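One structure below.
So that you can tell them apart, the chains are marked A, B, C and D in the order they are listed, and the count of residues begins at 1 in each.
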Amino acid sequence: MISQDHLPLHYYLILSALLFAVGLAGALTRRNAILVLVGIELMLNAANLNFIAFWRYNPNPDSLIGIMFVIFSIAVAAAEAAVGLALIIRIYRHYHTINLDKMDSLKG
Amino acid sequence: MSHITPIAFAIITALTLVSAIAAMSLRHLVHCALCLAVTLAGIAALYLQLGAAFVGWAQILVYIGAVAILIVFAILLTRSSEAEPRPILSPYWGVGIAIAVLVFGVLAKAIFSSSLAGRLPPEKADPTVREIGNQLMTGYVLPLEVIGLLLTAAAIGAVIIAMKDSTSGRLASPPIVPEPAQKNARPETPPAH
Amino acid sequence: MIGNIFTGLIVMIWRVLTDQPNPKGDLLAALPEAMRPFVSVVLSISPIMMIFPGLFAATTWIERKGLGRIQNRMGPNRVGPYGWFQPVADGLKMLTKEDIVPRTADKLVHFLAPVILLVPTLLAYAVLPYGANLVPINLDAGILFFFAVGASTELSVFMAGWSSRNKYSLLGAMRAIAQMISYEIPLIISSVTVIMITGSLSLVDIVDRQAGYAFGFIPHWHVFKPWGLAGFVIFLIASLAESNRSPFDIPEAESELIAGHLTEYSGFKYALFFLSEYLGMFAMCGLAATLFLGGWRAPLPILEWVPSYVWFMGKLIALVLVFIWVRGTVPRLRVDQLLNFAWKFMLPLALLNLLVAAVWHYTAVWNFPTALIWRWLLCALLIGVPYVCLGRGLTGTKKLTRRVYRFAE
Amino acid sequence: MNWIVEHLWLIPALPLLAAAVLSVTARAHRRMAATLTIGAMAVSFLLAVTAFVATLGKSTAAGPWREAHNFSWLQFGTKTLQLGWVLDPLTAIMLVMVTFVSLLIFIYSVGYMGHDDNFTRFFCFLSLFAAAMLGLVIANNLLLLFMCWELVGLSSYLLIGFWYHKPGAAAAAKKAFITTRIGDVVFFLGILYLYSQAGTLLFYDQGKGCLESGILSDIFGRTTVGGMAVTTAIGLLIFCGAIGKSGQFPLHVWLPDAMEGPTPVSALIHAATMVAAGVFLVARVFPLLDPNSVGVSGPASALTVVTWIGAITAVFAACIAVAQTDIKRILAYSTVSQLGFMMMGLGVGGVAVGMFHLITHAFFKALLFLGAGSVIHGCHEEQDIRKMGGLKKFMPVTFATYAVGMMALSGVPLFFSGFWSKDEILHAAHDWPVSRWPFYLGAFGALLTAFYMTRQVCYVFYGKNRGAEKTGPGHGHQHAPHESPSVMTIPLSILAVFAVVLGFIGTPVWPWFQNYLAGTSAAFGFGEILHPEILHVLLLSTAIVAAGIGLGWWLYGRKPIESSTQVDVLEKLRPDIFILLQNKFYVDEFYDATIIRFNAWWAGFCDTLDYWVWNGAVLAVSYAVLGLSWLDRVIDEYVVNLGFDEGCRGVNRGGGWLSHLQNGRVQDYMRVIGVALAALGLLLLWGCAAS
C-alpha cells in the first residue's frame, strides 16, 4: 500500500466517534434489551476501528499491538454477546418481557 | 489511483453510518439485526482498507457468522420478531440523545484538538498472517490462553444460564442415600442355636 | 494497439491451456495503465462466472440421471438425446414462471435474500487455485476468507425464512442455521489440521506442500496421511451438511417442512437459491480437493503432462459425483440425530484429529526402520478407538420419546 | 548408593497407594480392589526380594552389611529431625517374610471374604496394614518406627472391628486398641528418654546413630534412680511397647479376643506379622539392651527381664491353650506362647535365635490360621472344636497342610522348621549363665505345645463328625463339611512347603540364617550336630515332643470322641485345674476387679471433684461476670444508645434519599456512565490544554 492512498487519521477517528455516539444513543433510548446489547456491540466496534486506525498510522512499522488488541477484543465481544443474550433469554423466561423499564427489581 | 480511496471510504462510511443509525432506530428487531450485520460488514471493509486483512476476515467470520446469528436467535426466542409495541423508546429518550450528542461533541473536540489529527500513515507492508501468528504464540501467548479460558467459561456459562430449569435440576447431586444396614454381612460365628 | 490486444488475448489463451505462468501479462501490457486493474479483474472473474453455472446445469442433469439409475428408473429423457437439454428447459421454465410474493411477506428482505445468498457463494471462488498458474487472488488468509464468506450465507437463509411469514419457512431456516453453525465447527477444525501441518492459511501454499511423491508413485497428498484421511472424511461429511445436501437436507425435508426456507419462493428467485446451493457445493468440493487431494496436482508422476486445471476439475467433479451417490443411498437423518451427530461425534473426532496431526508431526523424527508403520498404527489407534467409542455412545440405548418444540417461555 | 536402598520406600508406598485408591472406591468394584491390592503387594514382594538379594554376600568382617538413607523431615530451632530407612539383613529378611505372607493371605482372602458386602473396605484396610507394617520394618528412626507402629495399631483396630455390628468384635477391637495403647505410652516415654540422652533417634547414621557404638558408649556410663543404667531404663521402657504389641504376659489379654476379626486378619495380624512387630522391635534395638553386641561393655540386665517375661508367657499361655475349645483361640494362645519363646530366645541367645523362630513361626502359624479359616469355612462358620471331628476325609488338602503346620509348631524332629528354631532357643537357654529356670520353663512349654496341638487335631480331624448332630431336620441348609476353593488351598500348600523347608536354613549343620544376620558366612559341618552339647539338647527336645504328642494321642486320639457334649478327658481327670485353665487363670476377671474398678472409682471421684469444686469456682466467676455485664448494660442503654440512635437515624435518612439513584433501571445507570464519560473527556482535554 502506498501512503498517499490514505486519508488523514481524523477521518477514521470521527467516523469511530460517530458510530460510538450512535451506539450510545441507541443503548440509552431503546426499551428493548436486545437492542441495548446491539448498541453496546456497536460501541465496541467503534473502539476496535479506533485501534486499527491508530495501528495503521503508527510510525513504528513492526508494532502489531493494535491488531492484537482487536483480535482479543473480538473474542471478548463474542463471549460477551453469548452471555448477554443468554441472560436476556433467561430474563424473558422469568418476566415474560425484555422491556428494560419493567425490569427494575433486584429480587426476582 | 489515489482517488479511489476517498470514494471507497465515502461509500463505506455512508453505508456503515446509515445502517448503524437504522439498526438503532427501526421498529422491527429483525431489521435492526440485519442492519447491524451491514454495519459490521462495513467496519470489516474499513479494516480491509486499512490493511488489516486478517482482522477484517475474522470480523466477518465472528460478527456476521456468529454474533449476528446469535442476536437473531435471541430475537426469535424472546418472541420479539414482530414489530415492537409503541413506544419503542424509553420515556427519557431525550436525555439519552443529549448525552450521546454530548459524548460525541467531547470526542470530536478531543480529536480535532489533538496533534495527531492530520497525520498520514507511514509506508509499511501489511502484516502477514504468519507474523500475527508468531506474535500470538510468543509475546501474546498468555492473553491467548486467557482468552481461550474466557471463551470456554462464556460458552458453558451461556448454556447454563439459558438452560431450562427442569433440566438444570439434573445437574444437582442426587440425594445421599444412607448406607443400608449390614444385614448381609457374613457373621463369623453362627447365631446361637 | 488493437493488434497487440488481440495477440495478447491469443497468448493468454495459449498460456492458460498449456499451464504457463502469468497468462494475463502480455494482454495487460498492451492496455493503458488506468484500465489494467479492471481488465485483470474481469478476466479473472468471467471464466468462473461462465464455467461454474455451466457445471451447475450439467450437474442437474447428471444428478437426475444418476438418481434415476440408482432408483431403477430412466430419469429425464424427453428433451434432447438422453435428456441433455433438460437443464435448458428447466432454466426457461424458471425464468418464465410467475414470481409469487406472499402478501404479508417482508418484501424488501424477501427480495434481498437470494441475492445476498449468491454473492458470498461466488466470492468464495476467488481464492481457489484452479491450476498451477490459475489463482484469482492468492490471499494470505485464503482459508479464513473462504470460511468468512461461507459464514455469511447463514444470514441470508434466515432472511429468506423469516421474511416469508410462513411457519415452515421459519422452522426450516432455524433448522438450517442450527445445522450450518453446528457443522461449521468440525468443518473448520478439520481444515485446521491442514493449516497446522502446512503452517499457512494460503491455499496456494497448501497445494505446494502436497507436491512430490513418496516411493515415486504415492503423491504427498494429505489424504494419504492418517490425520488427513480422518480429516478428509470429517470434512466431507461436514460439507455435506454445510451445503444442505442429503442426508442432511433437514431444512428442506419435503415430508416435514414442504421446502423449508424456500417454501415461499418461486420463479427466478427460486432458481437463484438453487444455483447458489449448487455453487456452494462446488466450492466446498473444490476446497476439499485443495486441502486434502493435492489441488491441481497430478496423481502420478507420469501424468504430470496433463494440464493442472484438468486434474482440479476432475477431482472436483469426482467429489460432486460422490455427493450425488450419497444422496441416492443414505436416508435422511432426524433433526435431533443430526445435531447430536455434530456435537457428540463430529466435534470430538475433529478435535482428536488435531491431536493425531500433532502426533504425526512430532513423530516425524523417528528414524528406525519400521517407524512409518508404527506412526500409522499409533495414529490409527488414536482416532479409531474414540471413533468406535463415540459411535457406540451415539447409537447406544437411546429411548425414542416424544419431542417437544418450544419457544423460550 | 544402591538403587534399592534409594527406593526402599516404594515397598510400603505401593500398598499405601492401593489403600488410598480403595478408600475412595465404590463398594461395587470388588475385582478392582482385589487386583489392585494383590498387584501392589506382588510388586512389593518383588522389590523385597530385590532388596534381599542386594544384602547377600555383602557382609564384611566388621559386621552385617548395612546402608541407610536419611533425609530431613522438619526443623525446630537449630535441630533437624531426620527420618530415614535402613537396609540390613534384619530388615531384608523381615521384608521378604511380611510381603510373602501378606501376599498369600491377600490371595486367600479373595476366597474367604468373597461373599462379604464390604470386600473393598476389607482390602483397603488390609493394604493399609501391610503398608504400615512394611514401613515399620524399614524405619531407620525410632520416631518413624513409632508412627508406623501406631498405624499398625490403628489398622489392626479397624480390622478386628471389621464386623463392627457384632458387639463382640467391637469390644475386642476396643480392647486390643486400649491394651496395646498402655504399652505404647510407655514406649513413647522410652523414645523421649532416649532422645533426651542420645540427642538423636536415628538408628544408623554413619556412626552418629543411637544404635552405634559411639553414642552407646557415651550414654552407657550414666545411671539413673537406684543405680540403674540409663540404657537399661530406656530398653525396659521400649520393651513395654513390645509387651503390649506382642501380647506378653501382663498385656496378653487382647490377643485371644482379637480372634473376633475375620480369619485372614487373625492369620496376618495376630500370627504372622503384627505381633511379630514387638519381637522385631526388640531385635532392632538389641544393641540398647545388650551393648556388648556392638562392642561396648556394660550391663545387660534388661535382657534378663526380657527372658523372664518371655519364659513366663510361654508357659502361661500354653497352659491356657490346653483347655480351650475354640479353634482360633487355641491358636491365639499358642501364638502368645510362641511369642514368649521368641522373647526368651532374644533374651538368652541374641537376635538370630529369636528372629529365626519369628520367621519360621510366621509361616507355620499363618498356615495354621489359614487352615483353621478353611476348616471354619468348610464347617459353615463353626468354630467350636467339639462340634467338628472327622474332617480328615472331608477336607484332605486342609488336613494335610494343617498337619504339617501342627507338626512344625509342635517341633517334630528333623523335618519341620519349628523343631530347629525351638531347639535353638532351648539350646541357648540351656547355656544361659544367669539361671537354668528359663530352660525348664521352655521345655515344659514345648511339652504343652505338642500336647495341645495334638488335642486340637484329634478333636478336629479325627473321630466322628459331630457337626450335624445338634441341628435337627428343621435347619434345612446344613450340609456336610466341604473342601475350600483352590484360591484358599493353594496358599495353604505354599505355606506348608515353607513350613517344612524353612527349618533347613538354620540347622546347626548349616547355620546360614544366623550367620546371615550376624554378617558372617555359613559353612557346612555335619559334625556340628554330633557335638555332645548340641546332641544332648536335641535328643531332649525330641523326647519332649514325643512325650507331648504321645500324651495327647493317649488322652484324645486313642478313643474317638463321639459326642460334642462329651466331657473333656482332662476335665474328668482334674476338673479344678481344667476350669482354672479354661477361664484363662481369671486374668480378665482380675483386671476387671482391680484396674478397671479402680479406673471407674477414680473417674467417679474426678466427676465429684469436677462437680463440686471446679464447677463452684466457675459458677462464682460467672456470677461476677453477670453482675458486671448488667452494670455495663445499664450504662449502654441510657447513655451510649441515645447518641448512637440519633446518628443512625441520620444515616438512614441519607441512605433513603440516595437510594433513589439506585432505581434498578439499567438505562439510568448507563446515562450516568455516559455523563461521566463526557466529563472525563472534558477533564482530560482541560488537563492537556493546561499542561
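We adopt the following convention: a contact is a pair of C-beta atoms (placed from the backbone, for glycine too) under 8 Å apart; a residue touches a chain by one contact, two chains touch by 3 or more.
Please read all numbers here as calculations on a predicted model, not as lab measurements.
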Centrality ranking, top chain (CA atoms only): B
Winner on C-beta contact pairs when A-B is weighed against B-D: A-B
Centre-to-centre distance between chain D and chain C (centres being mean Cα positions), rounded to whole Å: 74
For chain A paired with chain C, centre-to-centre distance based on mean C-alpha positions, whole Å: 33
Where chain A and chain B are represented by their mean Cα positions, the distance between them in whole Å: 8
Centroid distance [mean C-alpha coordinates] between chain D and chain B, Å: 66
Set of chain A residues in contact with two or more other chains: 24, 28-29, 89, 92, 100-101
Multi-partner residues of chain D (each touching 2 or more other chains): 667, 671, 674
Of all residues in chain B, the ones touching two or more other chains: 1, 54, 58, 66, 73, 77-79, 90, 95-96, 99-100, 103, 107, 126, 162
Chain D to chain B touching residues, read off their complex: 115-118, 163, 165-166, 168-169, 260-263, 380-383, 470-471, 667-668, 671, 674-675, 677-678, 681-682, 684-685, 688-689
Chain D contact footprint on chain B (complex, rising order): 90, 92, 95-96, 99-100, 102-103, 105-107, 109-110, 113, 181-182, 184-190, 193
Chain C residues touching chain B - in the complex, by the definition given at the top: 34, 37, 106, 109, 139-141, 144-145, 147-149, 151-152, 154-155, 158-159, 162, 170, 174, 177, 181, 184, 199-202, 407-408
List of chain A residues in touch with chain D within their complex: 24, 27-29, 36, 100-101, 103-106
Parts of chain B lying in touch with chain A, wherever the complex brings them together: 1-2, 4-6, 9, 13, 16-17, 20-21, 23-25, 29, 32-33, 36, 39-40, 43, 46-47, 50-52, 54-55, 58-59, 62-63, 66-67, 70-71, 73-75, 77-80, 84, 87-91, 93, 95-97, 99-101, 103-104, 107-108, 111-112, 114, 116-127, 131-132, 135-136, 140, 143, 147, 150-151, 153-155, 157-159, 161-162
